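Below: a set of structures, written as structure tokens.
Each of the two complexes below includes chain A, the first together with chain B, the second together with chain C.
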Partner chain A sequence: MPKCTINGKAIEVKPGTTVIQAFKAAGVEIAHYCWHPGLSVAGVCRLCMVQIEGQAKLQIGCNTLVTEGMVVNNTSEPVKEAVKWGLDFHLINHPLDCPICDQAGECGLQDQYVHFGKYDPEMAMPKQKKHKVVDLGPTIVLDTERCILCSRCVRFTDEVSKTNELGIFNRGDRSEIGTVENKPLDNNYSLNTVDICPVGALTSKDFRFRQRVWYLKEAASVCTGCSTGCNVNVYYNEEGAWRVKPVQNEKVNGYWMCDKGRDIYKFVNKEARLQTAKVGSKDQWRLLEGGQAAKDVGDSLRQVAKTEGADKIALVVTGQYTNEEYDSLLDFFNGTLAVKNVYHWVNNPEDMTGFDGILFRGDRNPNTAGLKARLEKRGLKSDWLDLEKKIKAGAYKYVVVAGPENNSVFPDLESKAKMMSAAPHLVWLTAAKSEAVDSATTATYQIPLKTFIEKDGTYTNHVGLEQKVKRGTTIVAGALTLSEAVSLMSGEELDFSLRPKPLTNLKTNFFTAKRGEL
Partner chain B sequence: MEVKLLTEHYGKAEFQSLEGYKKIGDGYETLKKALKMQPKEIIELVKASGLRGRGGAGFPTGMKWSFLPENGEPRYLLCNADEGEPGTFKDRMMMERAPHQLIEGMIISGFAVQSKKSYIYIRGEYKDSLRIVEKAIREAYDAGFLGKNILGSNFTHDMDVYSGAGAYICGEETGMISSLEGQKGQPKLKPPFPALKGYLGKPTIVNNVETLAAVKYIVRDGAQAYRKNGTEKSAGTKLFSVSGNVMKPGNYEVPLGYPLKDLIFNLCGGLKPGRKLKAVIPGGSSAPVLTEPEAMRATMDYECLAQMGSMLGSGAVIVIDDSNCMVDLLNVTMHFYHHESCGQCTPCREGTGWLHKTVASIASGHGRLQDIQLLDRISKNMMGRTICALSDAAAMPAISFVNKFREEFEFFVREGRSKVKGEGFRHAQMHH
Partner chain C sequence: MFSLSEEGVAFVKRELNRYEDRRSAVIPALYRVQKENKGWVSPESVTYLSHLMDIPSAWIEEVLTFYTMFNKRPVGKYHVQVCCNISCSMNGGREMADHLCSTLKLKEDEVSGDGRYTISRVECLGACDKAPMMQVNDDYHEGLTNDKAVEILRGLK
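After this line comes the complex of A and B, so read on.
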């Protein structure tokens, strides 16, 4: 284990550690653009300059290995001067259109210039003109003038997605990132290039011009888009969630996440949500408060279990809830009410074991593993095919469904909802509003639930790793967690006085209004 | 006085063919001698000869060879014939007049480093060189000097040519390797150095045409005989491509250490009548320029020129008389480096353009006084900051031009016209 001294701080690192990694390990700031821990070393931005004792020339930290006893700093005058000029070289042809640039506020050029900049620009010549608004593919737009040619995106498509769509064309200061004809940047990991772009060159079509990033807060969470459980930050403000970005976790997702996973912010926003409870059927729905609806349902269920027997009740569960929610759900239905007919609704049975070799899995539920383990533990193994037969035969009076939080990953939603609405009473617990349930023909309760960003809990991913999610914000104030709904059903009272009230008098952002349908 | 060791038979057309090479020269006799030696012996011999790389960097050849790992991995020998340094035209002549001399030198070198495969990477514009070298390789194969078990020995060696596409940067050894691998011609990050991980990730030696050709004579005559020419640290002869304002421009082979003054005024017939020497670029466009007094004192060897703050480089001597405007010359030079920067490293990609635009604005009469100092500052911050030496190659002429001929730059800024070319001279507007 080589020992080295970083800016006077002695640390010990693993053999094979580079100087820039040692700086990061020592918690010392070091300027850099092209280096990224998840990609190969390019050594082209020339900003991670360091002075190594005993060496005349400055070295780049990213391509220099730490050796035993190395004494290295990035605070000497020559280093500071080199970094200042290095930043100036990056900026002389950069448009400086920060006021209209999406990256402003989280831009590598802005951030590092504040720390290491020269502050007296001397460039008096006309800037290079390059292509603006280059459409790279379905997800991304490129501004080649803003690009600093760090080559991170090119290396990403070479090394991580292995799709090789991007390249650097032309030479010198005419160089531009681009794609070849008829091969757009179109893969399920394309938006990672936007994340790793240190400037505003690559922008996401889904997010650009929608929000200024300094108006957004972030909440650490876990992606619910599939059973991998990538660690993410969800960016939100009082109007709702706006985007999702991956957070590094070596055990799960490294530095990346897939494009499909990035859509998970869409179903948490109000437009996609069931906002109040509804009772009735296709012909007429009556709105009522969620808690009241849960209480009413609970009263009926307990009555049915007592008088007609628990066999008259069927519980249908999706893999979309937290372990804590499953526990309270099963405690009440299986424990208190003694319901044995618990069905696991698998949304895409033919593709449940699918895997793209990188991160994305065919099981598009965050917690199939957690649900399965709990059903197994209680010995609940009702056959899904039985459900339809029994509903048709009139065996069930009540079908209670802990439905999908994200309707878009349930292609069979409409047919299943129709099938289940053949029961005399249907109770649909869900975060999402859905036309399929709204057209139920039987006596139905719809109870609004919260989404992953609005609750605490644990998901178990495909390898059995339990990951916590924490409440970040509340988007639908009247929604309940599944556990809360179950508590109310079981006759307990909940104190709602501490809950956030729905925001009133919310000024609508111009850009939000322009956003249109989700 | 010229010493024609490599160029002895360059005047005779038949020297180009194998037949002539055998008749006039000594054929492939040296190869026969080499194949009877131990490879290590040859490396030691080259070390003892003091031969230094003739492509520009002047790195000791024998030492470069001994960096190869002894792990039994296949290794490659690459001949750098991507002669792109402005002012240099010696490799072209060597390939076109004496292709077999190069091929023989390469087979011997290939044997010394135990490489089974070599490539000659020829500059894209050199169509004639390509044709002539290809033909010579065919002749060498037919005569059994290339291929399996050369001359009955157990040494097997194959040779091929590869045509570049005209990028200056492919003359940089790792840029050349990238290009040869079929990638964009961009230098690779070092370490690892090519001797450990080069072409296709295998140990690779890259040598200049002149270096490889010289190996033949070192093996033929011995290290001591080779050392008879030149100085202690700059052994042997060297080809100098003299261009510019001399009466007889051309390639001249002289011993290293030869006075620059004699090269210009004796061998090249001096300047045009009535002209005075103003400056000399001694080693290709990237070498810092020498003023007239410096040029009069200089000897053409690695150490003297280094001591004067310049370098021997590829041996391209560009002679500048007093009819030339230094601002103009720097403008042309900066245009070249701006055009040729591969664009990988930010200081070079942006710096070469910045230098060019700044000097072009001076040369079009729109400069500011602070631009002169700025040229110097930009250049100093480009030096030593990039993967390869192109950034330095652009910075060094800029620094030397503005510091040694500052009054010409200042005149241009103040008066809006060239000090040399007079009132009536209209300058071209800025490029781009």
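After this line comes the complex of A and C, so read on.
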């Protein structure tokens, strides 16, 4: 284990550690653009300059290994001078129009400029004109003038997604990143290149110019887009959620997440949500408060269980809820009411075990494993095909559905909703509004639930790793968590005065309306 | 659809075996393609090469666009490269390039109507002692004057 001294701080590192990693380990700031912990070393930005005692020349920290007894600093005058000039070279052709750039506020170049900038540039020549607003594919827009050619995105497509679309073409100050013959950059991991772009060259079509990043708050959460459970930050403000970015977790997702997972912010926003409870059937809906609806449903359910037997009730559950919610749901239905007919609604049985080799899995539920474990523990093994038969035969009076939170991953939603609405009474608990349920012909209760960003809980991913999610914000005030809905059904009273305040800003601005399509 | 001759394919395969990294063989392979494809490297030949060499076309395109000696557009039967670096310029290289263009009635880097000529200005070709000079395909012509250069080009078969 080599020992080294970083800016006067003695630390011990693993053999094979680079100087820049040692700086990170010591918690000392060091300038860098091209180096990324999840990618190979390029050594092109020349900003992670360090002075090593005993060596005449400055070295780049990213490509220098720590050796025993190395004494390194990046605070000496020569280092500061080198970084200042390195930065000035980066800015020769980079436009200095930060106020109109979408990256402003989270830009590596902007941050470094504040620290090390030569505020008076030496370059007298006019800047090179390059391509602006290049449509790089379905998800990304490229501005080649802002690009500083760090090659992170090129290395990403070479090393992580292994799709090799991007390259640096031409040379000298005419160098540009791009794709061969302007083919689209179209893979399920393309938006990671936007995340790792240290400047505003690669921007996400879904997010660019919708919000200023300094107005957004972030909530640490877990992606509910599939059973991998990538760790993410959800960015939100008082108008709702705007984007999702990955957070490093070596055990789960490394530094990345897929493009499909980034869509999960869309279904938590008001436009996609069931906002109040509805009772009635097709075209004749009466609105009522969610809590009241849950109480009414609970009264009827308990009545039916008492007089006609629990066999008259069927419970259908999707893999979209937290472990805590499953526990309270099953405690009430299986425990209190003694319902044995609990069905696991699998959205796409054909490719439930699918996996693309990087992160994305065919099972597009965050908590299939948690649900399966809980059903198994209680010995609940109902065959899905059985449900349709029994509904047709009129065996069930009530079908209670803990439906999908994310409708878009349930391709069979319409047919299944239709099939279930053949029962005399349908209770649909869900966060999402859906036309399929709105056109139900039977007596139906729709009860609004909360999404993953609005509740605390635990998801179990495909390998059985339990990950906690924390409440970030409340978007639909009238929504309940599944546990709250179940408590109300069982006749308990809840003190809603303790609940967090909902978002109050109801204005609909242009950008909210334009927020990524569902 | 472009494809290399049998000897060309054998050449590329040999180059691939010569280096540890497949990428190292890109320059000789591209040069061979340019030779066999009437003096330029077309987009479809890049696709062809990427299949032949089993490396992404972006990697080939990167090398192709980096080097000016690969032609990315069609050139005439005779690609005339007039040196316009210091020594040649001092001895009238630039004027010679202009003179050739106006005599042959074509613009720089364009193919003449009969498909015979393309005139390009290039940087130093390493014959400063015999300035001005030009390179026609693979042949050097040194110690030129405007008239001599035109004569040489007219005299090509």
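We take it that the second predicted complex is superposed on the first by the 499 of 518 C-alpha atoms of A that agree within 3 Å, B and C clash if a C-alpha of one lies under 4 Å from a C-alpha of the other, contacts with A are read in each partner's own complex, and residues count from 1 in each chain.
The rule is simple: contacts are C-beta pairs under 8 Å (C-beta built on N, C-alpha and C of every residue); 3 or more make two chains touch, one makes a residue touch a chain.
All values derive from a computational prediction rather than experimental measurement.
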Partner chain in contact with A:Ala219 - chain B first, chain C second, else both or neither: neither
First (chain B), second (chain C), both or neither touched by A:Ala423: neither
Which of chain B and chain C A:Ala369 touches, first, second, both or neither: neither
Chain B versus chain C, judged by how many residues of chain A each one touches: B
Touching partner for A:Cys230 - first (chain B), second (chain C), both, neither: neither
Contacts of A:Glu181 with chain B and chain C, given as first, second, both or neither: second
Partner chain in contact with A:Arg171 - chain B first, chain C second, else both or neither: both
Partner chain(s) touched by A:Pro126 [first = chain B, second = chain C, both, neither]: first
Partner chain(s) touched by A:Val304 [first = chain B, second = chain C, both, neither]: neither
Overlap of chain C and chain B interfaces on chain A (superposed complexes): 168, 170-171
Chain B - residues contacting chain A, complex: 167, 184, 189, 191, 338-347, 349-354, 357-358, 361, 368, 370-371, 374, 377, 381, 384-387
Chain A - residues contacting chain B, complex: 41-47, 49, 57-58, 63, 81-82, 85-86, 89-90, 92-93, 122-126, 128, 148-149, 151, 168, 170-175
Of all residues in chain A, those that touch chain C in their complex: 158, 164-171, 179-181
Chain A contact footprint on chain C (complex, rising order): 43, 46, 56-59, 61-62, 65-66
